[in-house]
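Following this message is one structure expressed as C-alpha cells.
We just call them A, B, C and D in the order they show up, numbering each chain from 1.
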C-alpha cells in the first residue's frame, strides 16, 4: 500500500475561473480553510470535477503548485493526470509528482472507444505506472468517457506494485462489488458517486472521492463513519438525506451545478469554463431548496 | 400493507418443459419439498424466470393451480400476471386471484417503448390495481423490457391502496435508493438481483425475489439475515461468495443457466422452451465449478 | 421467389378499437376503399402498427378473416405472426395461412434479449419456416424489441426455401446495405422506415412496408417510382417533403400518432388500445400543420 | 459559400508515428504523391483519423506546416482543430489559419456529455466561428465523442456567415437527411462514413471526408461520380464492393486498421500512437483478403 490508506472521504476540488474564463487562483485558495476544519481525508485537484480537460498544461502546473501549498501533509494530495495518449499521461504524472503530488488519479483514455479493450487499457496503465514516480490510482468514469474499465483489467493492474487503487465513479454498485472481489484486500477501491456511497461501502469500498464533499464535507464524512461503525439505520437515513442533492450536482447539472451549490453554501469556486456555463437561476433555486431541506432535516434528526 | 410483509427472500420458480417443449407439471411438483425445508418467505410463479412470455393462457392457469396446492399458507404465493395490454393484464390478475394467488407481480408493458411514459405507466397500473382482487406488486425489469419504471411513477402508484410494493430487478442500486426515498415506509421495495442484494438491503429494500434462491435458498436467506442483523463484515463475505454464481445465472446465461444450475444442485426444472435452449456443456462445467467453489468456501468459513 | 415480388410500397394497417378498448371491425372495413384506389402493392395486418401485441388470439383471427375479404387477390396480403415462443409463432403462422394469408411477417422474439443470439434466431426462424404453409418474411424492429437480427443470421436464413425476405424497420441504412450485400439477389429486403426510404432504395431494397403509406399512400408510391426511375433530384425533394411527417408518426408518436394523422386525413382508424392512449390535442395540431405543409408544397411543386 | 465547394471526396490523412511513438514527418510526406494523381478534392489533417487527440500542440503545428507545403492550392486543405474548451478551440483555429489552413473542421467537445445541450453547442461554435480567421466546418462524430450535434443546432449555426458546412461521421442516414432538410441549399453537408456514402448522397450530401479514400481514393471518387450522374445500378454495385473494407477500417479496427490497410496498399503511414496499437497479424490478413477481393471484383466489372 506504499503507506497510503484512502479510507474516508476525499474532496475533488473544482478549478475556479473568472467571468472571462481565466484561471482564478485567488478564489482557489479561499476554498481550503473551511475544508481543513473537517475530517476530509484528502483532496484531488484536476479531476473531472476540476474541469481538467478544459485546463491547459501550463495552467495545470499552476493549479498543482498552488494546491501543494494549501494541502497539509497529513491529508492526501492527489492530482488528476489522465491524458488521451500514453506518453502524455506519463508526462503529466511525472510533472505532478515533481510538483509534490502524493498520488496521481489517471482517467482512462476515452476517444478511440472501440479500441480501448482490456488489453489496451492494461498496456496504457502499465506504462503509466512503470513511469510514474508516485503511486497510481486508476480512474473509471464511463458516463464521461464512454469507456468502461472493468474488473478483469483492474485485477491484472492491481498486481502492479505502483497501482494502489481505483476510483469508480459510476453508480453501478454491482461493478464496484466485482472490483472488490477481483482485487487483493489491500487494493483500494474508492467510490465516486455520493448517491450510492452507502451501498458501495456495504460491498467493501474503502472510501470515496465525492464531489458532494466539496459542499457538505461533514455530512459525507459522517455517512462514512456511520457505515463503518455498522450503524445501518442511521447510515441509511443520512444517505437518503443526501440523495437529492447528490443527484442534482451529479450527472444532472454536473460541475456548473456543483459550483452553484458551493456558492450557496458560502464557498466561491468561480465560474465554469466554456463550453460549460453557469446553471440558470431556476436551477440555483432548486439547489437552494435542496440544501435548505437538507439542513432542516439534519437539524431535526442529526444522524 | 394488507397484512402482507415481504421481508426476507422469495424464490421465482422456473417453469419446467420436457424435451418436446410441453409443460411438465410433474417435474414442477418435485421442486418444492427441498425449498419448503428452508426459510424462504414465499414463491413467485410465472415471473420472468418462469418464462411467462413463452407460456400460453391455458398453461398459465395449470401452473398456478398446481403451485397453489404446493405452497403452504404460511408462505407468500405470488403470481406474475404482466401483459402488454391493460385489459389482458386485468384479466390475468383476476384469473390468478381466482386460482388463489396472494398477490400479483405485474411487469411493465414493454413493446411500445417510446410511449411508455410515466403517465402511461401510471394509468396502466392504476387500472390493474383498481380491478385486481388481490394486492399488486409493480415489477420493473428494464434489461428485458427496455422500459424503466422510475421513482416518480412508483411514488404516485404507492398511494394506491391496492399497490403494496415494487420489485426492481435491475442492479442500479441508486435507482433502488430513489424508490425507497420516494415511497412511504410501509411500501415494500424488493430487489430482484442477487449480485446486488446486500447493497440493495443497505439502502432499505425489505427483501428480495432472487432467481439464485432457487439454487441456493439457504445462502440467500443467510445473506438477508446477516444484513438485517448488522453483521456487515459477514454479510459482505457472503455477498462476495455469491457474486460469481449470481452473475452466471443472471443476465449472462439467464433462465437456461438457472435451469442448468438447479440440475447440478439436484433439482430438475426441465428444459427451457424455444427459442431458449439449454446452455452448452461448457457452460454447465463453468456453473459446476462455480457451485463447487461456493460450497467449498462456505464449508471453510460458514458466514 | 415463390412467385411473390414485394416491389413497391405496402401499408401496415392499424387495428381500430372503440372508446372502450373493443376491437372495431366496422371501422376496419371503412379503411380499405381509399387505399384500393392507389398503387399500393399490398397490405400487412397485425404488424407492430396493428398493435399486434395488444390483440389476443381470437381477435387476431377475426382481423385476419375480415382483411382477407377486403384485400383483392392482385395485392399482397401479409399477416404479422411473430410470437415470443417458437411454438406459438408456428401456431400463428398456420392459423394465418388457414385464413388466407399470402405470407407471414415474423417479428423476432424480444423478451430474453441476451439469449437471442444469431444461433437462437436462426433456430427460431428455421422452425417457423419449416412449419409455415406460406412464405415467411423475417422482421427486425430493434427499437421495439431490443433485439437486432443482423446480416449474418439473415444470410443463413435466406437460403431456406420458405424464407423470401426481410423487413428491416430501423433507420440504420448501413445495416440495410449489409442485408442486401449478404443475401441473394432474389431475396427481398424491405424497408420499414419512411424517413429513410430513399436512401434504403439507393442501397437496394426492393420496396417498403411504411406506416406513412396509411396516411399518404400516393406520395409514398410516388417516391418509390421516382427512385426506381433514377430521377434522383425529384426523389430527393419528395423524401425531404415526407421527412417531417415520417418522423412524427414514427418513433416519436408511434401508433397513436399514426391514428391521429389518419383521422386528419379523413380515415378513421379508431383509438389505440391501453396502455397506448390517443395523442394530446397539441400533437394533433402539430400533425395537422405538418400534413397541411406537405399538401401545400406538393401542390406547388408536384414531384 | 466563401468560394469553397466541398463537392467530391476528401481524404482525412493519418498521422504517422515511428516505433517509439515519435511523430514521423518523413513518412507523412511520402503519402501525398499517389493521392495527388487522383481526383481527390482535398485533404484533412488532424481529424479523428489523424489521431488528433494523441498529438500535442507543438506537434500539431509541425503537421500543419508540413501538410501546407504538400497540398496544392487547387485542392482543399482542411485542419481539424476541435478542442474540449472553447478558448482552446479558438486558439487552435487561429493557429491553423496562421499556418495556411483553408478551413477548419471542429469536432464537438465530448467530455461533459450531459451539459453539451443544443444551446451549449451553439454557443461554443458561435464563439469559434466568430474568432476563426478561416471558414468553419462543424464536425459530429457521436461514436467517438458520445455527443450528438443534431439538426436543430446545425440549423441555427448554418446562418453564421463563417460556418460553411458540417461533417457527419455517423451512419445514421436519417439524421443526415435531417441536416440537409434543416439547412440552406448552399450549406454543405458532408458524409464521414464510406459504408453509407451512397445513401448519404441520395439524401443530398455534397461530398464526403472518407478514411477509406486514403486506401482506395479512385474507387471512392468513382462512387461519388456514379451517384452524381444518376447511374444508380453502377453506384449500388460500387457501394456494395466497398462495404466490407469500409466496415473493417471504420469503427471495427479504426485508425490501426486504416494504417494496416494503407500499408497493404503500398502507403506507409507508420504506427498508431499508444494507447492505440497495430492490429494483430490476423486482422492484417483479413484486410489483405478484403482488399484483394475488392481488386478482383473491380477488375471483372469495373463499375
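The rule is short, and it goes like this: a residue touches a chain if its C-beta (ideal position, glycine included) is under 8 Å from a C-beta of that chain, and two chains touch if they have at least 3 such contacts.
What you are looking at is a predicted structure, and each value in this text was computed from that prediction instead of being measured.
Looking at chain A and chain D, not one chain touches each of them. Chain A and chain C have centres, each the mean of its CA atoms, that are 50 Å apart.
Between the CA-based centres of chain A and chain B the separation comes to 36 Å, rounded to the whole angstrom. This structure has the following touching chain pairs: A-B, A-D, B-C, C-D.
Across the complex, chain A is touched by residues 21, 48, 53-56, 84-88, 109-116, 120-121, 123-124, 127, 143-146, 251-252, 254-256, 273-277 of chain D.
Interface residues of chain B, counted against chain A in their complex, comprise 171-174, 177-178, 180-181, 193, 195-196, 198-204, 227, 230, 232, 235-236, 239-240, 243-244, 247.
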